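In structure tokens below, several structures.
After this come two complexes, each holding chain A, first together with chain B and then together with chain C.
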Partner chain A sequence: MVVFFVIPLLLTVVWSVFERTMFWMEPGFTLFSYENFFFSARLENFVVSMLHSSVSVFFSFLIGFPIAVFIRRRVAKIAQHRVMLLFILPFMVSEIIRIFALRPILSRNGLINNFLMDFNFIDSPISAFVFTPTGVVIGEIVSFLPFMIFSTFLALEAIPNYVFEVCADLGVNRRRMFKDILLPLAAPGLFAGGVFIFVNGIGIALIPTILGGPGSVNAGLIATQAIIALDFPLAMAVSAIMMFTLMGLLFIGHKLFNLTKLLEPIS
Partner chain B sequence: MFKTRRNFLKKSALVAASTALSQSLIMEAFAADPLKIWTIGVAKVTKTWDEMGKQAGVPLTYSAKSGSADQAIQKFFVGDGQKLYDAITDNGGGQEDAMSDNGAIVPIDTSKIKNWKNLLPRYNEGNAGANTIRNKKGEIVGVPYISNADSMAYNKTKVGGDINTWDALFDSQFKGYAAMQNDSGPTLTTTAIYLKESGKQDIVNPSDMSKSEVKGVCEFLIGMKKKGQFRTFWDGFGNGVDLLASEEVLVSSCWEPIAVIAAKKGADIHYGTMKEGHQTWNNVWMLTKGGKQRGQEANFYKLMDMYLSPWFGARTLSNLGFTPQMTGVNEYVNANPDTFDAKAKKTIAARLVGKEARMAVKGNSWQNLYPKEMRAYQDWWSKVQAA
Partner chain C sequence: MTIKNSIEVKNLVKTYGDVYALKNVNLQIAQGEYFVLLGPSGGGKTTLLRSIGGFIRPDKGSVAINGKNVDNLPPDKRPTSMVFQGFALFPHMNVSQNIGYGLKIKSISKDIIDEKVNKMMNLVGLSGLSERMPNELSGGQQQRVQLARALILENDVLLLDEPLSALDAQLRKDMCIELKRLQKTVGITFVHVTHNQEEAMSVADRIAIIANGELLEQGTPREIYSNPKNKFTAEFIGEKNIFKGKVLDFNKKLINVDIIDDTIKIANLNYDIKTNQEIYLSIKSESIDIIKKNKIEKSISKNNETINGKVSEITFLGQFVRYLVVLNNGKEIQVRTNHEVKGLKLKDNVALSWNIEDFLLHQN
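For the complex of A and B:
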């Protein structure tokens, strides 16, 4: 914990207040990198990328939650883990290929537009599927949806079967089952999945690079671009801000949902 | 110990001779090691690096490098680059100064490179490219092996003819079908060249703009972006190719190899000469201090002989469309009909003509990796991205 988390985090914070030199940095204390971040368009880019990631989390919940519930409740116990393994398969393909493969599907001359035009649903291709914020959100959902399914399933797996049996005996309808049973009990898993998606969404530079519009960036790309421009203290400041954002999220999540429940043994 | 001066001199001479001998033996022993090179993939024009080594007569150990300048800076200024690599490549136009100023590379003895005489005259002192291979003291520290004047690729069938002005990139008739590179350096320089040469903005040096000039250029790009002119800013070779090959964009400022490969994929992609000018650049080989200390100088010069031979020039032009840095390419191609058939000869000749035309445009501006107002470039570029 100390070697892999505390020391790197401390170093990141320390370097972020160093003085920038032409090609590296030198010890000192300046908040210029933070000023450079918070009082420039970088903050706007950071906030927009958080917004996109939040939308991705929301849609991943809409898609992933029913899938996790279906596997937990409708698939035979013996096969549940095997079915979950199927969602790992996409991760065996390089991420860049997975994301790039969306281009021929979503582009103006892509499969979806061709299909819609062939069947006369539209007259001209829809440009908004890719090279737009929509493209980034689609890319994030496709890439990170399994995280939502895994963590939600994990949370649901911890719910003893008798809970569902009692609900059935008492004639609880689906809406109440969802609202009062599944959602509260799956909340730690949903939150954990949401954090995974959110953090990857703001951190992984590939998706806005390949599917985003002109100049589309996220926090990861802001840091990368600072490194390319040899502004190492700025890159460290962006990384520190990302880490503190994440830690803040985890703290709130833990207070609200007690995330340790996820790691408790299944009774 | 030394009873007479003669004895002293004899013993001193013996010690000096044995030291020199052992040093040269050590150097030779080191030189028998492969030359450890750190370079970009396009420096290879054969199938394997072994073949490149055989052609040069030097065993090579290759490590892959990105085209990004920060990588070499990090590896050599704060990393273990000196231990790892004998020779590296990077962009001329700033990087050679940075590397030389910090003692990462050493001056090159051009008299030891037989093919140095082939080098294009643009690198002679006083000419446009001279500074890109020299350090601030005027010593030669880089051997250029590829270069280009970056221009615009366009889909001739779809745009209805040839294009010879950057106006097209910003023309509303191609709204949503234009792309530029997602890199502040080339994109701001290219836009500055256009704005300067078309009389739309006063800019002294498009490669080294003042803060207010950077602001003007970026505000122009922000305006264009808000109007929906750009489909995207491409990043990476494959990305650039795909945009043109899939006809997702019809006009794009890009590297020539992107246009070459996109055309090979079937789209009617051409690479024009823009009347306003282009950002010109080169990539150079450098001998590291560590490489020299390990006795790899002779191997380095052998390798440079290969890189300055028409053998390499013809292949880099034919395969990827990079500009050869030496004279005699056409003659070499004509003398080797088994390697270059009539079609390849025609392609090479046409590309050379196109390159000469682009290089001759008055408004061209050489790449500058470290403009004086770099922070303004970065800050304004983030505003372009946020717009």
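For the complex of A and C:
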């Protein structure tokens, strides 16, 4: 934990205040990198990428939660983990290939547009699916949805069966079941999945690179570009900002939902 | 006087694959009765209870509650409430939220719910704990919350599935007394499933013995205890002295039974038997007198039978002393007395005597 997390984190923060040199950096203390981040278009890009990530989190919840509930409630106990395994399979393929493969599916002459045109749902192809913020959001959802399903299922799995029987005895309807029972009991899982998707959404440079348009930038891409420009302190500053954002989110989540609950069965 | 039936179960059959969980069970439970389904694990009693509650759909047969057929109704539409095995509370709700939830979802106003929840908490002895979360409660308290959550709906029947199995022995005894009191207070029908005969005896108005998917017999606790008709029942309620035998001959008053190397005379309590029929005999260990052999000349009344044996074990059990006596045919018989027999030692020859009416005959 200390070696793999705390030390790199501290180094990131330390390096982010170093002075930039031509090819590397030298010890010193300057907030120039942070100024460079907060008083430029980078901040706007960062905020926009947070917004996109939030949209991805929201749709992942909309899609992932019902799937997790379905697996918990309708799939036979012995088959549940096998079904979960299905969602791992895509991860056996390199992320670049997975995301790149979305291009021929989403593009103007892609599968989806062809399908919609063939069945006369639309007259001309929709070009918003790729090289746009929508493309980024779709890419993020496709890439990270399994995590939402996983962590939500984990939380739902910990709900004892009697809870559902008591609901049947009391006559709890679907809406009530969702609002009063499933949502609060799955909250730690939903939160964990949400944070994961959010952080990856702002951090992984591949998705905006491959699916976003020319102006599509997230924090990961800003850092990558800074490294390409040999501005290491700036890259470190961006990384540090991302990490603090994550830690802040986790802290809030832990205060609200007590995330340790995820790992222990409900007594 | 006609007692109205609260629950009427007719020809209930339920199978899981090839296994019969219920084989043609018929049962009537009167209104306001505390009825216990007693039997070993896997015997079908929980399946029966769940069929009454609507959690299981039987393959055949019907269930009627208060004279109305409920076969096609889901659990919440039946006039029943269930107390589940284990501590089945909503883990994320506190005590009063748990109790009031059944009313909350019926969109009843908050004031009325609060009032009823308070009343219920007093009734089951939970006053002052309304803000506690389930994981801050003891096992007994959690079961009280379950009771309150079920009773607050004011249904006509309360179904209890092994409600005390997760509690320790002393607490279980206390809760038995409370359950009985509670049932008298609310006056509704309780159907209670348990595998613990002591628990069953202490709460029940009537008991049904259920094993292998069949209802073997039913009766008041006294009937079941002192006159079990079935060998299984006798065994299940803790009879140790069960002998296999064969009817030698019988008349209206007496039956002679061959128990291998010995013959026992027992009273004929209108048994339906034939000569040479294989049967089982049982006698309660406290119904046998143990007498040291050299005192055998002491008068033994003509209604008593005696048999000879040798003491093989003496165990002091606090309130009782238990003697194991080996008979001439090698069979062991258990005798329980509430005082030690003076001067009786291991390997002493003894005579056992009993009233011929204390030996019971079981068909199978």
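Brief remarks on what is shown
Just so it is clear, the second predicted complex is superposed on the first by the 264 of 267 C-alpha atoms of A that agree within 3 Å, B and C clash if a C-alpha of one lies under 4 Å from a C-alpha of the other, contacts with A are read in each partner's own complex, and residues count from 1 in each chain.
Keep this in mind: a contact is a pair of C-beta atoms (placed from the backbone, for glycine too) under 8 Å apart; a residue touches a chain by one contact, two chains touch by 3 or more.
Given the structure is predicted, the values throughout are model-derived calculations rather than measurements.
In the superposed model, A:T245 makes contact with neither chain B nor chain C. With both structures placed on the common chain, the touch criterion links A:N173 to chain C but leaves chain B unconnected. When both complexes are overlaid on chain A, the residue A:Q80 reaches neither chain B nor chain C. By the touch criterion stated above, A:P184 is placed in contact with chain C alone, chain B being left untouched.
Applying the stated contact rule after C-alpha superposition, one finds that A:E165 touches chain C and leaves chain B untouched.
In the superposed model, more residues of chain A are touched by B than by the other of chain B and chain C. Contact residues on chain B toward chain A in their complex (touch as defined above): 68-70, 73, 77-78, 98, 102, 176, 179-180, 182, 184, 225, 230-233, 235-236, 238-239, 242, 246-248, 370, 374-375, 377-379, 381-387. Of all residues in chain A, those touching chain B in their complex are 22-24, 36, 40-42, 44-45, 48, 100, 103-104, 107-109, 127, 131, 209-210, 212-217, 222, 225-231. Those residues of chain A that touch chain C in the complex are listed here as 160, 162-163, 165-166, 168-173, 176, 180-181, 184-185, 266-267. Within the complex, the chain C residues that touch chain A are 53, 55, 74-77, 81-82, 84-86, 88, 90-92, 101-102, 105-106, 134-135, 149-150, 153.
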